[in-house]
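I've put the structures underneath this note.
What follows is subunit A paired twice: with subunit B in the first complex and subunit C in the second.
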Partner chain A sequence: MEASGRYGRLLLTPIAVIYLVALVAPISFFLVMSVFRYSALDLWIPTVTGENFARLLGESYHRAIIARTLKIALLTSVGCLALGYPLAWYLARTTSAWRGVLMFLVIAPLMTGVIVRTYGWIVLLGSEGTVNSVLRGLGLIDRPLKILHTEAAVLIALVHILLPYMVFPLFAALAGQDPDLERAAHTLGAGRARTFLEVTLPLSRPGILMGSALVFTLTAGAVVTPALMGGKDVQMLGQTIYELTMSTLNWPLASAVAFLLVLCQLTILLVYFRVGRRRVA
Partner chain B sequence: MSPDSPVVGPARASGRTGRLALGAVVTAIYVFLLAPVAIIVFSSFNPTEANTFPPTGFSLRWYAKFFESAGFVNAFRFSLWLAIVAAVVATAIGFLTAYGLVRAGRRGQGVVQSLAMLPMMVPHLLISISLLLALLVVPVPDLAALVIGHVVICLPFAIACIVASLEGIDAQLELAALTLGASRLRALWEVVIPLVAPGLLSALLFTFMVSFGDVYIALFLSGPGRTTLPIEIFAYMQWESTPVVAAITSMQILLIIALGLVIERLVGLRKIMRV
Partner chain C sequence: MAKTILELQGVVKRYGATLGVGPVDVDVREGEFLTLLGPSGCGKTTTLHIVAGLLSPDEGRVMLGARDITRLDPQHRDMGVVFQNYALFPHKTVLDNVAFGLRMRGTPRAEIGGRVRRMLDLVGLPGVEARLPGQLSGGQRQRVALARALVIEPTVLLLDEPLSNLDAVLRKRMRLDLRELQQRLGIATIFVTHDQDEAFEMSDRVVLLNGGRVEQVGTPEELYDDPATRFAAEFIGETNLIEGVVAATTGATIAVDTVAGGRYDAFAPGRSLRSGDPVYVMIRPERIDLVSERPSGAVALPATVVKRVFAGDIVTFELRTDHGLLLHCSKPSLAEYRALAPGAAVWAIVRDCRALPRDGAAGA
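Right, the complex of A and B next:
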């Protein structure tokens, strides 16, 4: 077995090298940058300082963006859960011959890329978009509603774009359940609602947590969708990072923002492993 | 309804309304999921600039406009090139990794496999920006960073496809080849690779789609003359939004759906997504 172990290590070498060089090392360096001092001349001075975090948490401009990002990330997770749960439950329980096709229809939008789907929402929600022309055609409104460039528009598009990330973990959790458990609850006299609340729902908890964690992180790091759907009016942390590195060239502050995002993600993952595993075991 | 079963009757009726309600909810969710994609295809054939609905006619002028625009055509070509390179490299490395995980796997397989999925758990924004920073410190050509970035985000998908395919083949076959005196390399080339060919092909197609649709890596790492299609569209959309974009994205949707269906036939998308 010794030879087999060495063979295995050899096979895993390329990916280990690539991840170390192109993922772990650059990200670590970028995050360390958050304690460096910003300098207009040298870009950064490698000393330890807390001024980036102080600025980030001290200035009301940044505090407002942080609060909005957390709010939209939370609402997107809730929205994805509300839409994703019935969908995942249906896909896990249905015996329909169309199940494969229905699964494909959930995955297909995911594969078209973020730009394509965001553009679809612009066409639908723009001032000359489908929703406004239908409402005007029906005589319900005289002037086009301002939907684009609002938080609601960002939220709708993000829920749509991230929904598949919620459905997969939920589907895995629901499809993996032993159907006898639900049957047993029925036999023991529990109604549909009680069976769902006391058997199905608790058992799908890892899926709920995993999906929510994924959606929350992906929302917090979104740039393109908030930029196109929200414009300057609905700025989120992702756009702040983009501007800080691409136009202001303040790498240390950008790094502090990213550090905050990573901290959020780690907290959520920790909750996932603590809460999710405890209940199931 | 027989009088002997007073409980079953109402329960069955409420079950039926419950099912109907669930059906309605699920249908509504599917409409929500597919409407933005469908509307793009509709508006790409619109003869006027405004996205009127229902469409006032049928026209291919926006498709013609796309092929006349050098910026979009060049970006399309570059995206195609990048996606092919990233797909081939990611599939090759992904195969070694998946094979290492499944065949030479020990107790740590679960942990290693989770680590291999790392780029899926990290926001792509963070990967991309860190690579850009690395470029400021280490002198590497920008293009190399873009390719490596794409390979990194493609790898989890390649590994998932190939692991799904490898798990379906009998490990005894390879063992038999080895027992009969084949070298490891020969067993790999003549037994394992032909058997996982569908998995390799779907890994190629899947990673092609991931790379072709990517915005975040290219947002930071593409430069003048090396703009990918999504970035070209993003830049264009910040100023104006004519149905040219609809025409381009419609072609992309068509391409993606075709590739997706091929993968579905080869390995089954569900098996891949569950890994």
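Right, the complex of A and C next:
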């Protein structure tokens, strides 16, 4: 027993070191940085101040970014859930020989980079893009629609890119259900809709919460897709941090934004573990 | 004879190109305990699902009285089903599980609580309403599943191997409890099992299934005494099957010349067997008497004990007759039989032997 404990520690050492160096250290760094004073000359001055948070929460520019980020994260989660649930349900229930192929198609986007997929959407949604060309060719519009650089464009691309993160937890929750549960509900007098609402849906709750928590936190921290699809017009927290760190060089403010983002994400994860992990059986 | 309340007529179910079941003809009579018995993959659960409406047959009809319910959805069939793993809703309390069917039927709220409690009393499980299925033992879950199926007062109760997940002691007790409850309620029941003891102890009639087809239908006594086929003879109980050919018939008694030599007078009630038909002579092991002295009057075969196995309540023997036949024989665990060691010379008196058709010869 003692030996297994020692081996256990040995096996966990590399990952523990990586986490310590790559996660705990930088997070501690920006936690501290977020209460330092900004200086154009020295980057930061180590005196404790609340002015970064005051700016962040006080200025309407920053408040709008926070609100937009939360809104897009929420809508992306809802969108992924709406599109992902039927897909996950079908994958979990089908006996078709195509199931394996469909599973692969769901995973496939994860194997191409996020930039490749985002550029795909730019090609489709740009003012000279496929969608506008088709609509003009059909004579439905005279001037190209502005789709790119709108919240809608960011939302569409994020839903597409993050869909697998919703589908897999849902699939696991649905595929793990005993098919006799739905059969039992039918024999007791429940039709398809009642069976879904009374049995299938409540039992897939862990998958819904897990998928939503994943998509929400990934959206809230997204940088590349909002930057490429939304540009300056659809600023989100991820881009703000990037710009403050790399161009404006206001690290204390960037740290405060990052702190806020991590706080949001931790809250979501906490809610997930409190609500989602309540044992049902 | 009691009225038929449910009937499967020529029901066939295919899975792609492979046959699931069929054609199956089964009738269930009022208040009857009918068992679908067979090895795994014989189509017994498929047949049960067709009755419940969970599967749609490719051919044939399901009749509930005079009503054709072949295409009726399961939620409109009024059948209480107990599944092998009970299929209790894990997120609902025992009360909500049992009340589910009543709620779906729009039973008034005020009535539901009382009916659920009465049903839980009936299955011998009072006071567990507030628990979740995960907090119950296997036996308790089984009773809750039974209560959930019965509380809707179904026309037919369908049980899919409900005892297979219980330990041996509990299983034996539940057999008796289940049978007693079924008789008290007088509810027609279809019970699916692969366990012959279960089928025999509980059933009024047994439908023996093999490879998706009905092998034989009858009371447990009929199936044991007069199996219609080799499969039926070997699936149910222990048996000796001796290949032979019909030599002569006198009513239900036929003389059979065995391939190994020797003539047996076998009984074959209700079977039209003719001289020259290939048959098996079937002898149940407990229907062979063993004596050490040549008996007078009775027909006896001289034999030698090859093997003796002591199994507590019985002793089983392997005998080789002087004709060269190998016979299995079981006797009560008495001193006179336990004394028979391998090599002992005995006389085997066959008390009862039956003839059944062999290799697709005309039977029944």
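Methods note: the second predicted complex is superposed on the first by the 279 of 281 C-alpha atoms of A that agree within 3 Å, B and C clash if a C-alpha of one lies under 4 Å from a C-alpha of the other, contacts with A are read in each partner's own complex, and residues count from 1 in each chain.
Criterion: contacts are C-beta pairs under 8 Å (C-beta built on N, C-alpha and C of every residue); 3 or more make two chains touch, one makes a residue touch a chain.
Since we're looking at a predicted model, the values are computed, not measured.
Of the two partner chains placed around the shared chain by superposition, neither subunit B nor subunit C is touched by A:Asp233.
Put subunit B and subunit C next to each other and count what each touches on subunit A; the higher total goes to B. When the shared chain is aligned, subunit C comes close enough to touch A:Ala185, but subunit B does not.
Of the two partner chains placed by the overlay, only subunit B lies in contact with A:Thr130; subunit C stays clear of it. Contacts of A:Glu198 after superposition on the shared chain: subunit C is touched, whereas subunit B is not.
By the touch criterion defined above, A:Leu83 reaches subunit B but does not reach subunit C. In the superposed model, A:Tyr7 makes contact with subunit B only, not with subunit C.
Once the two complexes are laid over each other on the shared chain, residue contacts for A:Glu59 go to neither subunit B nor subunit C. Across the interface of their complex, subunit A is touched by residues 49, 52-54, 73-77, 79-81, 83-85, 87-91, 100-101, 104-105, 132-134, 148-149, 152, 158 of subunit C.
Looking at the complex, you find that subunit B touches subunit A at residues 14-15, 18, 22, 25-26, 29-30, 32-37, 39-40, 43, 50-53, 93-94, 96-97, 99-101, 103-106, 112, 115-116, 118-119, 121-127, 129-134, 136-137, 148-149, 151-152, 155, 184, 209-210, 212-216, 219-220, 230, 233-234, 237-238, 241, 245-246, 249, 252-253, 256-257, 259-261, 264, 269-270, 273-274.
Interface residues of subunit A, counted against subunit C in their complex, comprise 178, 180-181, 183-191, 194, 198-199, 202-203, 279-281. The touching residues of subunit A, when paired with subunit B in their complex, are 4-5, 7-12, 14-15, 18-19, 22-23, 25-27, 29-30, 33, 43, 83, 86-87, 90, 100, 102-109, 111-117, 119-124, 126, 128-130, 133-134, 160, 163, 168, 171-172, 192, 214, 217-218, 220-224, 227-228, 238, 241-242, 245-246, 251, 254, 258, 261-262, 265.
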